[in-house]
Amino acid sequence: MATKASRSAARIMMAPAVVLLLGWMLIPLSLTVIFSFKKFLPLRGDRITDRGEGFGDFMWEYVRGFPTLDWVGFENFSRFVGSSSFWPSVWTTLVIVGGVLAITVVLGILLSLLLDQPMWGQGVVRILVIAPFFVMPTVSALVWKNMFMDPVNGLFAHLWRFFGAEPVAWLSEASMGSIVMIVSWQWLPFATLILLTAIQSLDSEQLEAAEMDGAGPLQRFGHIILPHLGRAITIVILIQTIFLLSIFAEIFVTTGGAFGTRTLTYLIFQRVLESQNVGLGSAGGVYAIILANIVAIFLMRIVGKNLDA
Amino acid sequence: MGRIQLKDVTKSFGDVQVIPPLNLTIEDGEFTVFVGPSGCGKSTLLRLIAGLEDITSGVIEINGEDATDVVPARRGLAMVFQSYALYPHMSVRKNIAFPLRMAKMGQDEIDKRVTAAAEVLNLTDYLDRRPGQLSGGQRQRVAIGRAIVREPAAFLFDEPLSNLDAALRVGMRMEISELHKKLDTTMIYVTHDQVEAMTMADKIVVLQAGNIEQVGSPLELYQRPRNTFVAGFIGSPKMNLISGAEAAKYDAATIGIRPEHIDLSETEGPWKGVVGVSEHLGSDTFFHIQCDFSDEPLTVRASGELTLEYGATVHLTPRAEYLHRFDAEGLRIE
Amino acid sequence: MARAVTTKRKTLTTALAWAIGLLIFFPILWTILTSFKTEAQAIANPPIFLNFDWTLENYAIVQERSDYMRFLWNSVILAGGSTLLGIIIAVPAAWSMAFVPSKRTKDILLWMLSTKMLPAVGVLYPIYLLFIELGLLDSRAGLVIVLMLINLPIIVWMLYTYFREIPGEILEAARMDGATLKEELLYILTPMAIPGIASTVLLNFILAWNEAFWTLNLTAVDAAPLTAFIASYSSPEGLFFAKLSAASTMAIAPILILGWFSQKQLVRGLTFGAVK
């Protein structure tokens, strides 16, 4: 509902954001796709241009599809999947994502129910619970790794010795559990905060009506609160999945991908930057993009529905 | 000067035509009310005149000049919105001064005009408050103040009273009418409330589905409705509309008779009916009487003193000189 | 209507909630405490909770050794610059979508969201390569742009949901009052949306501050922010708990404080307006 003049103004004002994001999406994406079909090992002398080094030359080669690099068809894709580290990395990714989701959603529901109750100092407790979310990933990884999980001087080691147990070398002996724990600690506030907001939007008259109808606390939870939370839980799961699929710093800082903690993201990172096998890594990147998009479609459906309301 | 002319104006949203070709002239100084049920296109029509929407085809002239492609700000019109649309972050003074500031008027002139407007509207004591600190009626007055400082060619009001409570509404109705008398400027007023239309307008435009059903003075519309829609819409309580065999006796598809034009008798009269609900207003009493020839009960006005038992049988006599006759298309038969 | 709750029950809930809250907060608390200990006390067994010799020595050493201020300054520039740039680009876009919606508005919004979901690692090498070609590797300018781009969808979305709560009639009133588009944005929309814009700025500053994929992979020395500074402590020679704690505290303190202010807006921003 507007005039032609305001509509054309709107188009102009939207343009910078749209053009920038379009460029941000299409250029790197197309490069990844091109490289995934190429043999590209910079350390073995593969160069994307045999002339100068300027950006103009780069764009020229880009437009021509980087003729100095050999096309290898789907070889990178099959090699990436066929490598001995692929399936373990998929498994690791699934365990981390699944484990963190399960922990944060279940604890998040319990915690948000608790925080919704009347109590003294609710605001302060809320702040305490939310705080981990604001800690940068490298800091939380480092703090957990050294000050808590260090097998000699870590707080857990002290605690274990106090009870007469042998301290555990957490990040090497129970690496997966440790990482799931660290990441859950970071994401529990997010789940709690969103679920708490959702609970608070529940009309208390609904609960009172259910109580009048003879529903006990458990029934009220099962029949009124949980269904009301359904959408918020879905959103928590989807958004966390997107972020968890690409956790990086936590692994980079703690294990560096050792002890069976190499996720798909980390595997691609190693292929691309550590061993500089760009073609192989790019093929992995394409897989990761497809995987993320599958999750994204579900999330967008929900968010999109909300737009109409 | 504020003569507004609409020539073959149409408006479509996508494939849906909400205003079919429409012609209308609003004379300088006239208080014109657009009235109709919700969704009849009256607000859209106002927004077309304001320039907040483009017209799909046709021409809008303001004072004889083509204003079709002129931006809202340059049409010389001021608008009072349903929600008042006050700027919440500005004081009342700044709100009223805003259009003058936009016109790059000198500060002295702005102060003078704002002071004058505040006096007219009894807002002098509130000039430094924020809109959030005002009552509904005061907000309404600020919105009007913002409109009058510009000394526009015409004022546009979009259901300005619908957010006020009933008592305040009557007061503001008077104030707006008073303002019109004082300023003698063209005003176009949109409402769904036919009481507002009847009490304020020089000229009423009745709209339905984007079509003009009738244009005329309040009394013209009341006394000589052009069709059954206008007949049923104007007047409260509504005109009784009867179709079928009883109407055929008068050579019409439908006949209409207002509640005050039916005489009530316990003993004789051509229409026999049973008394249903009675509404005692003190000055008048409205009886709803179920007659055998009509599905709907007829509404009959009687003096405030009269009471009738629920279920009692009565006789009704319509006054022939006030009977309206309509043909099969619903148009008035003279 | 809230119902009266027995004091006994309220006391129980309070105790439980505080216990859990402190448990969750404990790692942060412990880090802050340790930062004021000597290295020997930091690893003492049994651990010392409060009665240690409070010292600021660690902070001084960290600053001296690693030039903490330089990393801090980089973090401020990267987070602040990318947020500011993002807001400047996003305000007009969000205005368009909120007040002049077209049939495609919804698609554009969802598409913007989808770019946020592109896994960073999938485009790591291309961006790395482009940065080399453009001479942007380890430059603040390059990272400001990247951080702006990854957060732009969130900024547009947050502003969009805030703008949608501003009644369109107010902007139309401004138009009727003779305001040009620029004046409408400057005098009416922006002042009215200040609370929304402020929370958007806050949340995006936090997200940019904590971003730890691009900042780790695209910086080396000159443009490295606090995320990279902290990551450098993961090497074994940096393993001194008290200094590690001091460095960590300095890296998270500013953002913890900002974060507490933004907690209400956090939900809306992180769920793209789907939960309010």
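Which chain is which? They are A, B and C, in the order written, and residues in each are numbered from 1.
Everything that follows uses one rule, which is that a residue touches a chain if its C-beta (ideal position, glycine included) is under 8 Å from a C-beta of that chain, and two chains touch if they have at least 3 such contacts.
Here the structure is a predicted model, which is why all the values come from computation and not from measurement.
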| item | value |
| --- | --- |
| Topology of the chain contact graph, where touching chains are joined (line, ring, star, complete, other) | complete |
| Chains most often in contact, by C-beta pairs | A-C |
| Euclidean distance of C-alpha centroids - subunit A vs subunit C, Å | 16 |
| Length of the line joining the C-alpha centres of subunit A and subunit B, rounded to whole Å | 58 |
| Where subunit B and subunit C are represented by their mean Cα positions, the distance between them in whole Å | 53 |
| Subunit B, residues touching no fewer than two other chains | 52, 71 |
| Overlap residues in subunit A, where contacts from two or more other chains coincide | 2 |
| Residue ranges of subunit C touching subunit B (in the complex, touch as defined) | 167, 169-170, 172-180, 183, 187-188, 191-192, 194 |
| Subunit B residues touching subunit C - in the complex, by the definition given at the top | 50, 52, 71-74, 77-79, 81-83, 85-89, 98-99, 102-103, 146, 150 |
| Of all residues in subunit B, those that touch subunit A in their complex | 13, 51-54, 71 |
| Partner subunit A, residues of subunit C touching it in the complex | 1-2, 5, 10, 13-14, 16-18, 20-22, 24-25, 27-28, 30-31, 34, 43, 45-47, 89-90, 92-93, 95-97, 99-100, 102, 106, 108-115, 117-130, 133-134, 149, 152-153, 156, 181, 206, 209-210, 212-213, 216-217, 226-228, 230-231, 233-234, 239, 241, 244-245, 248, 251-252, 255-256, 258-260, 263, 266-267, 270-276 |
| Complex interface listing, subunit A residues touching subunit C | 2, 6-7, 9-11, 13-14, 16-18, 20-21, 24-25, 27-29, 31-32, 35, 48, 53-55, 58, 111, 114-115, 117-122, 124-148, 153, 155, 158, 161-162, 185, 188-190, 193-194, 197-198, 201, 204, 231-232, 235, 239, 242, 245-246, 248-249, 252-254, 265, 268-269, 272-273, 278, 281-282, 285-286, 288-289, 291-293, 295-296, 299-300, 302-304, 306-308 |
